[in-house]
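Take a look at this one; I'll ask things after.
Going by the order they are written in, the chains are A, B, C, D, E, F and G; count residues from 1 in each one.
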């Protein structure tokens, strides 16, 4: 059997179906399987990325033997492949982290956790890989439903409240996207994204506008754009820690991907780009400002994450090659850095019910490793050199300067100051306050430590030597912006 | 023979439609839940059965399946009416004023557990 | 005639969606909100079916008596899509109901404006 | 290997190694860091001035080399680095987390060298930020109030850094390059308004590090709160990075026509000098006093640079070097007092002159240099500054500088008196002279102070080289450094100091010896209780040491000026912002239905707006 | 109580009935359909025959079939009568009514028979089965004509029971 | 139009009218039980209508739909009724 | 009140645009591009009479795999949301009072027939309007009937797990068989048979049977979970 992109989806699905069964044979099997699957997917990521980069092609995989546009196809290109690989690898790291995460959780419940966990990753991967707009919707729902369930995972928290809000808004999102797909189908008579892109110029501008707006709002919800992001701080706060990392690292990324794919490939309407910039700025400003005023650690991270996504949206909205490059770099950085912040932050407030900032006072002495990584992540996320976050911010600013968006630069930098204030406030608490809380601390397991360490190493390595990743991102950028080659590679594939 | 079948068909369909309508009218017009049940169930059951029977005459190839449907309706409709009546009564929806005879009341009051 | 059909199909579907939207946006009770979401879904599904419809169309299923009537068959794609959409809608509703149950147990109320432990 | 890379590897690698050493072989740590810095000095001073390296990272072209200006500042960094780290080995004895301390110490030194060798703005910013967080990590290393003080430092640094970054990307947007050489060529093509914006942004960036008003509020806390051994470097070298930056801005990044920028900078610097001096005067903690004094001194330096004249720039750079020397010494001395006596509060400590004579001597020399009393370097620098200002018709600035210099006498005296003179308190009876690793750096630096007055040539020569790289023509006579001194030569036809200096120096040296000697001998030892009080019984709360409220009258005189600290404005501003942010927070009111309404309202809005956008 | 033969009988009976149902679903005699049907119905029958029937093939006794036909006739007549009455009531709702819930004791033994009786009562004029507890039927009666249990039984159930008892209980 | 078409139209009209009446009761209530009764009737009407439409379109396979609908409707009503008596 | 007004305002704007957009879509005039293709090709290529089924299970079979997953996730998610550690000695939550005897007897008769109907619907998914989802739903409804009728009716979740796992794996494995045979994922590798035959459509029938089982077991599980947790005994929060 040849390695192919469909493995990203089919294998985890199969594994998910098997987990409950294997769980009956051996209680550890349920949590080992996802790790194996994600490890394998990381491996094929390397193989496939290598393949497309070295041969300078795109893999278009046909499903069920029907060539596009009759059947569904997967597109593994530098851009989608990059994201899929990122999801798999990050997924594996987070899996390591979860391995001994809450030993007290029942086995039956653990099985469910791992099924949902893996499906969350698979859904996000499917969103980026699929070449069919309705199939994208299906994967979006897979992601969403796993996300709702995981948000409400712990009974003792207010997860159900957060999950309900998420579900309410998420339903709006799927309704709007579905409406858009429906209208789109009436206009172009196909669901294949390449063919849609091909036929789009002929579509009546009014329809085009309405459909685009529906997509925009629909995906905007998943991409945490203001004012569509009411759900997200609650969800980040209530979901289990590693799931927060997945939200930041993958789910939101997949939402952004949908938005970008629609705007850049399907519609290719330049008029919407300023809107992206404006909304992105507002999102960022509002979120960071609120993050500054948070008394709870996870909620602060949540708002910070929203703010970062605003930045990504701004970067995409500028729309030049350089800014898109910066945007993808930002996505990557946000995934690893915010991922690590969630992972380490979770242990800082592990047993606390309220998870307030007071709980981390003086914790640096007791959890030196975790605290150090959290501090490192903070430095990185605010864009301090020599950490990964520096480069993406710099590239974005350069791109903005290229097109003379001085106001954008100014706002980004002002917001960065706010970011520094609240992150350093936490660092201060960690290191320079006396610990007053009597809550029992939880020492991270070896797996959790290794997971966090891996991310930290990537953060520093990319920070010191960004060329590690910038070549790939450059290819991804070119791929994303080259609509014609996307259309051509998909539609020229023929098996039947 | 064929034309007779069609006439039969039209006849039963007409009867069925009328009774379906009467059933709905009963649901609409009758004063309280139990009388609505009494009126609605019977008329619509007969109406549906009759209409389907009519279709069976009109489409002779289909009769086997249509008979199954008729049987199902005859079997299930009274069951559901009964269920609604029982459920409503237990939901404290008494059918009439106190003066009237209510033999079921004592059962309700004793609330004996049984299965 | 066609205009009448347009209005009755599209119109009903959109009105259904708006009713659902109203329930989801304005009703306080969680359960009513969930029902509102289901109604939105129903309207949407109806729209799907209406989109695929062609005048005097018949189901896109070949059976011995209609082997030749491919011309009259409605577009099967929206129907296939709506099948998926229905299942997804069902799944969402199921999860939503589960959440409502848990919220109700936890807060002893189903009023959405009283379930605000998470804010700001 | 390229010696620039070698330098960085030495320092940064050494930093990590020192952390590990502290963990596994703490006994070798002190020796290691000193040796490392010696090595760094060796590499630095033997480096070929043409050494450079160019490379590309992340698609950005970078270039490293020491310009002669950078080399001048590099001298400060490497020498002060070596001395302060030597000092640290004794000063930090017995404290915990020394690995952390030395690692960040070395990171700071390395990042400063990195800043100096950067010939492109990205490297500059990169190292600038490393300098920021490494110094920040030391600022919060110990002491009380770290929350506030650290946060202030990091916030201001962040504001500065991001202003700088904005300027950098704007420059990039116009010139398409980060390389200084490219930018120098094309900067003049930028519109004046953008130039002004760039300059202001960069000034904010560099102004924070050089503690220019009103960006100075972090400095007193950060300087006084860090371990003194680091403060010596912090105030002496790290703040000079701001000065270095100013020189870049003034001479390389804005066109000469933009006199406005120079004026703005000069005046801000002057205000800084005056106000900071006043603040210094009213401090009762020696560390705080020195901190404010540093701010004031940086003001002079910047005035000199901003004056833009040959003599002014030379004065500025001269004072910059000198400030590193004497302020480094003073912080070390105060650190020594702190280490030996346990406090630097001048209302508590007193009369240490007998206990710590060498420390006192070093302090005395430095104070003289600081106060600009002839014949030490401070005087030379100030004189040049006055002359530069007068000849360029900046009379008001002269008044400001004069005002500040005069007031500087007050605090100079106070620190000497407060710590070393006056009554000897019994509780400080046990105090001993500082250990050698602390004394040697102080005395070496004092030596430089003394030399700088008599042989300013050894500093002026590299300064002149630096100025050439700023575009000035060399004006110093072409002679050996030792010839360029008050003893052996005149330096230019404008300044006729020679005779005056010689005589003053002679008198000064004699007086100094006599006063110290006599004072030491004839001092009468009394206790606090030994005071005739005309029949009244002294209560404990009666303040009988006049070290408290030392300059009360002066304070009263300047109080209206200082009443409302700039700090408070920032605080009010911050509070106002926070209140506003809290309002923003209300958007997320917790009701999921509202969030859904936001979604639909947004959709409706977009649909309406769409009619305009898409022409439907 | 039940011996093996009885069990087999009930199973085969269930299978047969389900097979008939299957045929009426598929309306096809194609071999693939039939084979599939046999397998599927066999499986379902195997799982369900115990609760599906207590009689097995005995229900196919010719005498019983005759009685079933008779019952069907009685039932249909009642149904039509009922509907005419309903039609009258619906068209003119002011007809005097005297509702109440009455009870009577059935003589039927088998569950299935009781259920059939209940359904029949529900479908006949003016009566609606509210509950069945043990042997006692509780009936909502639209137009009560008597308060005496025996008379009630006579009015509501007797006609049907006579036939039903012959079908199921003998 | 043939007689057959008129006839079909009339029958469908009658059923629709009945449908409408059922809907009125459904929305009017006033009790939950009334709504369930209305629902029950409506579902019977729908079954009949579906069967008749299958006849109009001449498509046997539509009967399957009505059969399934009958089953689902029946169990749905049972569930509601059971809910009313507090038994779920 | 303000809220209601605001919502109505927003909805009228959105409604206006929706109506405006959709009324521009011609109603009932022509089929779309891909729709035509499927109608023409599915009886020829796949020998599947139901074009919808052909699309659902083959042309867009990947969607259906996703759909099955969604349902599986809903069941899992529901389980995890509703999950509650049983207290010591806690009894199974039961309905308050028994159901009507008449209904119980009726259910016994109807149950196998409804199950059979469900089976029929998913086995004939490619020939009739049915399919795996519909058939599965019918079977789940049959379980609902039993749950309504009998307080003590117990769903064996172990069995459900087995069925849904195996059915899911069968679906995915059928996909992989295509890959293993050197074709594409989910490609039909069986002979297509004759139109309107039960054994037509290649793997479509098998997939729909798997889907039917999966859906039936999942929905049953969902129903049971919700009912169990909604009963008074389960109301007490732990």
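Note that a residue touches a chain if its C-beta (ideal position, glycine included) is under 8 Å from a C-beta of that chain, and two chains touch if they have at least 3 such contacts.
Here the structure is a predicted model, which means the values were calculated and not measured.
Student: Count the touching C-beta pairs: is C-D or C-G ahead?
Tutor: C-G
Student: Look at all chain centres (mean of CA atoms) and spot the one farthest from the centre of chain A.
Tutor: So the chain farthest away from chain A turns out to be E.
Student: Need the CA-centroid distance for the pair chain A / chain G, whole Å please.
Tutor: Computed value for the inter-centroid distance: 30 Å.
Student: Give, as an integer number of Å, the spacing between the C-alpha centres of chain G and chain E.
Tutor: 33
Student: Averaging only over C-alpha atoms, locate the centres of chain F and chain G and give their separation in whole Å.
Tutor: About 23 Å, centre to centre.
Student: Using mean CA coordinates as chain centres, what's the chain C-chain F distance in Å?
Tutor: 19
Student: Hunt down the residues of chain F that sit against at least two other chains at once, touch-wise.
Tutor: Counting only residues that touch two or more other chains, chain F contributes 58, 60-62, 64, 67, 71, 78, 82, 85-87.
Student: Could you pull out the residues of chain B that touch at least 2 other chains?
Tutor: Residues 23, 25, 37, 41, 45, 62, 65, 68, 75-77, 79, 81-83, 86, 89-90, 114 of chain B each touch two or more of the other chains.
Student: Note the residues in chain C that touch 2 or more other chains, in rising order.
Tutor: Within chain C, residues 17, 21, 24-26, 33, 47, 51, 59, 61, 63, 77-78, 81, 84, 88, 91-92, 95, 99, 102, 106, 115-118, 120 contact more than one other chain.
Student: Which residues of chain B touch chain E once you look at their complex with the stated criterion?
Tutor: The touching residues are 19, 22-23, 25-26, 29-31, 34-35, 37-39, 41-43, 45-46, 62, 64-65, 67-68, 74-75, 77-79, 81-82, 85-86, 89, 95-96, 100-105, 107, 114.
Student: Mind pulling up the chain A residues that touch chain G in the complex?
Tutor: Result: residues 1-2, 4, 6, 9-10, 13-14, 16-18, 20-21, 24, 61-66, 69-72, 106, 108-109, 112-113, 115-116, 119, 126, 130, 132, 134-135, 138-139, 141-142, 145-146, 148-150, 152-153, 155, 160, 163, 179, 183, 185-186, 189-191, 204, 206-207, 210, 495 of chain A touch chain G.
Student: Please name which positions on chain C make contact with chain F in the complex.
Tutor: The touching residues are 58-59, 61, 63, 65-66.
Student: Given the complex with chain A, which residues does chain D contribute to the contact?
Tutor: 57-59, 122, 125-127, 129-130, 132-133, 140, 146-147, 150-151, 154-155, 158-159, 162-163, 165-166, 169-170, 172-173, 578, 580-582, 584-585, 587-588, 592-596, 598-603, 606-607, 610-611, 613-616
Student: Quick one: which bits of chain C touch chain A in the complex? Just the residue numbers, please.
Tutor: Residues in contact with chain A: 17, 24, 30, 33, 37, 40-41, 44, 47-48, 51, 77-78, 81, 84-85, 88, 91-92, 95-96, 99-100, 102-103, 106, 115-118, 120.
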